[in-house]
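Just so it is clear, A, B, C, D, E, F, G and H label the chains in written order, and each chain counts residues from 1 on its own.
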Amino acid sequence: MMNGETIVFYLLAALTLVSALMAVTSRQIFRAAICLLLSLLGIAGIYFWLRYEFVAAVQIVVYAGGIAVLIIFSVFLTQRSGEDLPRQSRARMLSAAVAALTGLGLVMLQVLRHRFSGTTNPAIDNGVSAIGRRMLGVGEDGYALPFEVVSMLLLAAMIGCIVIAMRSKTKSS
Amino acid sequence: MWSFSKLTDLIHAWLYETFSPAWALALEMVMVGVAAIGLFAMLGLVLVIMERKVSAYMQIRLGPNRVGPKGMLQSLADTLKLLVKEGMTPNGVDRVLFNLAPLVAMIAAMLLLAPIAFAKDFQIWDLNIGVLYITAISSLNVIAILMAGWSSNNKYSLLGAMRSGAQIVSYELSAGLSILTIVVLSGSLQISDIVTSQSNGWWIFKGHIPAIIAFVIFLIAATAETNRAPFDMAEAESELTGGFHTEYSGMKFALFFLAEYINVFVVCAVGATLFLGGWMPLHIGSLDWFNHAMDYIPSSIWFFGKTFFLIFVMMWFRWTFPRLRIDQLLTLEWKYLLPIGMVNILLVTVIAILKWHF
Amino acid sequence: MVEEIGTTDEGDLIINIGPQHPATHGVLHLVITLNGETVRKVEPHLGYIHRSIEKMCESLSYRQFIYSTSRMDYLSSHINNHCCAMTVEKGLQLEVPERAAVIRILMDELTRIASHVLWWGAMAMDIGAFTPFFHAFREREMINDIMEETCGARLTMNYMVPGGVQFDLHPNFHRRVKAFVKQLRNKLPEYDELVTHNAIFKSRTKGVGILSKEDAISYGCSGPTARASGVDCDIRKTYPYEGYEKLQFEQAMSTDGDTYSRYLVRMVEMRQSLSIIEQLIDNIPEGDFQAKTKAVLKLPKGEFYSRVETARGEFGVYIVSEGGTTPYRIKFRSPGFSNLSALDHTVRGQKIGDLVAIMGSFDLVIPDIDR
Amino acid sequence: MTNEEIIAALTERKPELVSETGGEWPNFMVAAAEWPGFAAMLRESEDLWFDYLFCLTCVDWKTHLTMVYHLSSTRYRHNIVVKATLDRSAPEIGTVCNIWRTAEFHEREVFEMFGVHFSDHPDLRNLILPDDWVGYPLRKDYDDPVNMIKM
Amino acid sequence: MMEPGLDHLLFIGTALFFIGIYGFLTRRNLITMLMSLELVLNSVCLNFIAFNKYLWPDRLDGLFFTVFIIAIAAAEAAVAIAIIIHLFWNHKSIDVHAAEELKN
Amino acid sequence: MFLKDYFNDIAQAVGSLLSGMRRTGYYFTHHKEIITEQYPDNRATLVLPERFRGEVVMPHNGQNEHRCTGCTACELACPNGTIKIVTKFELNAEGKRKKAVDAFVYHLELCTMCNLCIQACPTDAIKMAQSFEHSVYDRSQLTKILNKPESKLQEGVE
Amino acid sequence: MGPASMIVLIMAAVTFSVIAILVSRTVLKATWNPQKGEPYECGIPTRGQTWIQFNVGYYLFALIFLIFDVELIFLYPWAVAVQQVGWIALVEIVIFFFILFIGFLYAHKKGALKWV
Amino acid sequence: MSAETQPAKFPGLVQETAGGGILSGPLEDVINWARSNSLWPLTFATSCCGIEMMSTAGARYDFSRFGFEVARATPRQADLIIIAGTIVNKMAPVLKRLYDQMADPKYVIAMGACAISGGPFFYNTYSVVKGADHVIPVDVYVAGCPPRPEALLHALITLQEKIKSGGKRERIEIDGSTLK
């Protein structure tokens, strides 16, 4: 029997895949951006469905709140967003589609053939406080180091952005 | 004492007795949905009339007083009128996104209601990342605004939308930081935990100076995030006429309006929950008679009282201050609020680890 | 006209502000070239309220044409009328009775305050504060009451006639004016509290929209707009008329030339107008309020020019007479027209939010510009 | 300077100038062709320093047009009126908007109202009237049977 | 329809991946290519979470990887967009051809 | 000192903002400051100043007589042609033909309430009334004939 | 209620909005004219296109925001665990902030946080 | 103020305005009640009368008491244009466009002599529209120059009465050819 959860899952999956497809095919760049966002929200929905609320929230915060806005701004900045993107050559689209479909087929074949074996240990709490403890842990399975490394990465990214963007700004004016 | 939880339990039990589980669940869902819509609409009506009255009194005038007793039906008349006003779609707009945008705004606003604890044990969904959830969902607003602004094919809308995009996004940081201050103190993201952690005093009292600083930052950031004056860049009337909703009319516009007010309500509710103890009554140390007296006031009244107080403060801001310019607004965030917020977090960490809070 | 395409340069956006726009205080149409939020260029398009008053006045008698000038700068309608009456009197070589002159000055100053008060509210509203607007109307309504009692109308009073004023002062006038002076003196600190000292307001206006002294002169700016840039151009001081030379007051001046100093100059002017009123209110000479004139006025052949200081700046009336009962040609030199021409220069390079603030500080009245 | 001094100072420089008397301020007639140069002289001379153009207009005398410039000095507080007679059928005079920038708008107004052409004006378009307006409304013979209801 | 399980999630992940690849191959515009890339990254995240959920529910590493990937994706997007804008300022176009020009 | 300036800025800004809020807060709590007059409710007590110019009227006395001789001085004085006087000739008591006003047409929709007609009238036949409720659905109702039907010139007015 | 509430709320929002929008369609016979469809720009026909490429001055802020936003999401689990972990958490966050603060100062110094 | 006659001099059809009609009975009454009590004006002022309109909005007269408070800067959300001031030929197409861009139902008040007939600028001017009803249909005329705030309030009440009584507004189809 189909219960509510299953329906929701399939709805989310459909949302994700359909809007992802539209994101890569739409010739209206702004719409493509919105579709991408919808697709990412669909993924967040799947995380919710899987009861990984923290990841879902992170996904929404970063993608909806950050990356989408950034992409939209850069669209405004660099495109005449009212005009359609140029049409691609049919051959190119076809070959890309064939390549993607073949890839998909091959991988799925492998996936379905492969018997995954996981643990049968009981699931542990994936609540935020567990995540927090793990993240701050300095021991064997702690993520303290990556946590600090991320800050380095962010620093690097920020400096990179500023260097690049500021240079172009001074140049433009 | 009368409480919501008993009522909901009763209904729940009755439903499951009378109907088969599937039907009961469905019915329950419908009831929650209807209740949510009702709450939503009520809040909208009340907030609109409140805003008008507050502004009127600050502006030495009377405000609406002719529709219904003391003008209380004014916002009802407005709603009805908007309901039967033409909601048109101009040519040349991106029809899909244009019509989708108010819907997105509504969905975002509605979803925000889920984790709010309206009273003792009365919460739609007490999920374990409560406040993070609210932060996440409220960032969907940006998308609604950008969608509306872009799809309107109107220069004012576009400019307004981009402004508010930049603004909401920036102020999310300080809002997040000030929320974190309380999270550090209470050690949980779950709304119910945060409320219970304040049973012996609200965080604004027992969190020392960092909590107060965080509270102020939160108020400012909340005002900015809901696009209200003095941060109403998006619809800066004297510059961009209507901002992102310039082209919207009738109910489509009303939905934005409603969503905006619900957002105001939600951020104030979050503020009340984090800093003012949610539905927790005011308790003073060991003043027992006082505490008992306070306990007699229903928890929902405490919650709404605090929330409406914060809303009033935001209205007070709105009707007092001039508007900031967009660059000043961003400077305020990046030069003042963010560094202060970061230092504040460190401070509160020390306090939390030393257990200096009560 | 050649319609330009939307962009002039990469990333430039052309946007219309007005004719129906809350910030333009009427029906000014500005075509703005924006780069991001920065204003590249502002091109005013006028004429949305061009009522051809100059042409119309050519067929009105010297008594009749005065009323049409109160519809130009309706916020200083008295002062406009005053100037017209003075020009006609100049032509007729008519002495105005002393009482009439004092009444005129009193009314002028009340009008100036009313105009500045309204401007104060509107300026605050432009910057986004709504409450001051309503508070401003409280004081403005008091002036309106005084006007209504004596002149019979609230806005377009039509009180001046060649040779004096239409009616004598109302018996309540003294009492009301004194009450008003007291009230405004009490409320001005409140104004400061709400707007002048407000940190947001200051940061919005300080150092924004700077107009240098040379530019102000070259653009023909006058009134508070020019005085904020350090031009001493108060006609009441420089070319006194109607007994202003006997009064004690200072020209409100500033040298910064930014939006804030334009604001401050007007605030100071309000206080000065109050002090002028205080100097006069107890010393109104007895006598006629109107000189005897013929029923039909005829100006001798010649040209007559007189200038006054309205709330917005120098207003001039230039009458060319052929000796008939109607002016042959009449030209109104309106302060707003010249002030507006400096707008583009002042706004360039500022943000679009500043544009509104700068326009607010110029205190434009569009019918005054379009005539 | 008093009016007499101004007249003296100017006739000294340009003896051919015609000055009118009567009226409050000294009145000078210049030839249209000489006007921009004369204007620059008025603006630049240290003793005259007419830096403030407060009124610029035109009068239609049915046979000819007269441009009228009212100037004053913010330094010496003296005033002067300069006039130039123009041919009515093809009125043309040099612009002074590089000398007094306020002239730009005033000249545009005179252009549309009287049809005076200002040579070298940077942007001579209709300012107040609609772009497709026909006729010069402030000329005496202007008639508009549609819009103008005569009393 | 079946009860959703690991396979379904993996299918979504893989499909997203190849949709992203498809977009990456067909688009000539840097921003849209970046958008396709985001899809690819997300498919990876999804797989991590799926494995974590269905195979090793006793661990949190998949979750952590996802969070870190999101963080890195954000940083990457920021830098990429900075570069795109930089390119745009210099070449007035963000077509890949413009980027190719950069190589020379 | 950088930090000192930084905090000074903040303190000053907050201070100024708070003083603004105190002002609005004062008005919010002091309702006696409200100055609103409630127009349709205060209609009965509304007294307008006697000089207020609402519209031109022609007073008639008890015998339905007015003072207008039809001299058209007001028509000439009016700057915008608001008044049109239609005259007729009637025989007076001595049997002389005499000009009299037939219809005093007054276009309220044009009138600017400038008072020039009143001042011009040699016989004080017209005056300004304080009425102001002139709203109508149809603009033709604003054109009025001020002399009442069958009204006559008052005795002794020349 | 659990996660199902999200579905319920979304459904509620959608039904509410759709019904509200449809009411006026049924009740009102709206008129139409060609000018109604044009974009509103203060009563003047708009000049040129709206959807043009446009200088967004704020993109730099958005860039930096994104970085900080990521930082913020790492702070959430940290904040929850602070009291359980104790001093180490403080040390870690001080390092974390310190590194970020360098970036912040750098941005400030470079004038990236100033308006264009 | 009873008969709603159509001004004779204007050519064209009389059309029922949008917003009337489909529903009847009490529901219609409720809708009319809502509409009449929530007339959001467009901030439209061209000249002197605009100042009196602002006075009416101001604290002393406060038209928000009737629910007219929410002055909208965009015609899409406004229900009412108060034509406060002179309309000149250059402005007429703008006014028409603004009116056209408003969402139905929409109402118009002509405030002051200028808006009714050109008022002081009726004779000898070449640029003034002799009455705003040449451009857009007008529901209520209020005379005065300017009408005092009470008079405007009276006009608003008059308009409310009209809406409440379900007054089908006559709409005068204007020959579009004269306007650009």
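By definition in this document, a contact is a pair of C-beta atoms (placed from the backbone, for glycine too) under 8 Å apart; a residue touches a chain by one contact, two chains touch by 3 or more.
Remember, predicted model here, so these are calculated numbers, not experimental data.
Student: Following contacts chain by chain, what is the lowest number of steps it takes to reach subunit F starting at subunit D?
Tutor: 2
Student: When D-H is set beside F-H, which has more C-beta pairs in contact?
Tutor: F-H
Student: Quick check for the class: compute each chain's Cα centroid; which one is farthest from the centroid of subunit F?
Tutor: E
Student: Taking each chain's centre as the mean of its CA atoms, how far is subunit B from subunit H in angstrom?
Tutor: Centre-to-centre distance between subunit B and subunit H: 38 Å.
Student: With centres defined as the mean C-alpha position, give me the subunit B-subunit C separation in Å.
Tutor: Going by mean C-alpha positions, subunit B sits 45 Å from subunit C.
Student: Using CA atom averages as chain centres, what separation in Å is found between subunit A and subunit G?
Tutor: Averaging C-alpha atoms per chain gives centres 17 Å apart.
Student: Between subunit A and subunit H, tell me the centre distance in angstrom, where each centre is the average of that chain's C-alpha atoms.
Tutor: The computed centroid separation for subunit A versus subunit H comes out at 53 Å.
Student: Any chance you could list the residues of subunit F touching two or more other chains?
Tutor: Where subunit F meets two or more other chains at a single residue, that happens at 17, 20, 23-24, 34-36, 38, 52, 79-81, 112-113.
Student: Tell me, which residues of subunit C touch at least two other chains?
Tutor: Those would be 10-11, 13, 15, 19-22, 37, 47, 50, 52, 55, 59-60, 67-68, 131, 133-135, 138, 141, 156, 194, 198, 200.
Student: Please list all residues of subunit G that touch 2 or more other chains.
Tutor: 3-4, 6-7, 27-28, 30, 36, 38, 40-44, 46, 49-59, 62-67, 69-70, 72-74, 76, 79-82, 84, 89, 116
Student: In their complex, what parts of subunit A are in touch with subunit B?
Tutor: By the definition above, subunit A touches subunit B via 4, 28, 30-31, 34, 37, 41, 53-54, 56-58, 60-61, 64-66, 68-69, 72-73, 76, 81-82, 127-129.
Student: So in the complex, which bits of subunit H are touching subunit F?
Tutor: 1, 3-8, 59-62, 65, 110, 113, 116-123, 131, 133, 138-145, 147-151, 153-155, 157-158, 162
Student: Considering the complex alone, what residue numbers of subunit F touch subunit H?
Tutor: Residue positions touching the partner: 34-40, 46, 52, 54-55, 79-81, 107-113, 132-142.
Student: Please name which positions on subunit H make contact with subunit B in the complex.
Tutor: Result: residues 18-19, 30-31, 33-35, 37-38, 58-60, 62, 64-67, 69-70, 72-74, 76-77, 79, 103-105 of subunit H touch subunit B.
Student: Write out the stretch or stretches of subunit C touching subunit H in their complex.
Tutor: Touching subunit H: residues 19-22, 26-27, 47-53, 55-56, 58-60, 67-68, 70-71, 74-75, 118, 133-135, 137-138, 140-141, 144, 154-156, 366-367 of subunit C.
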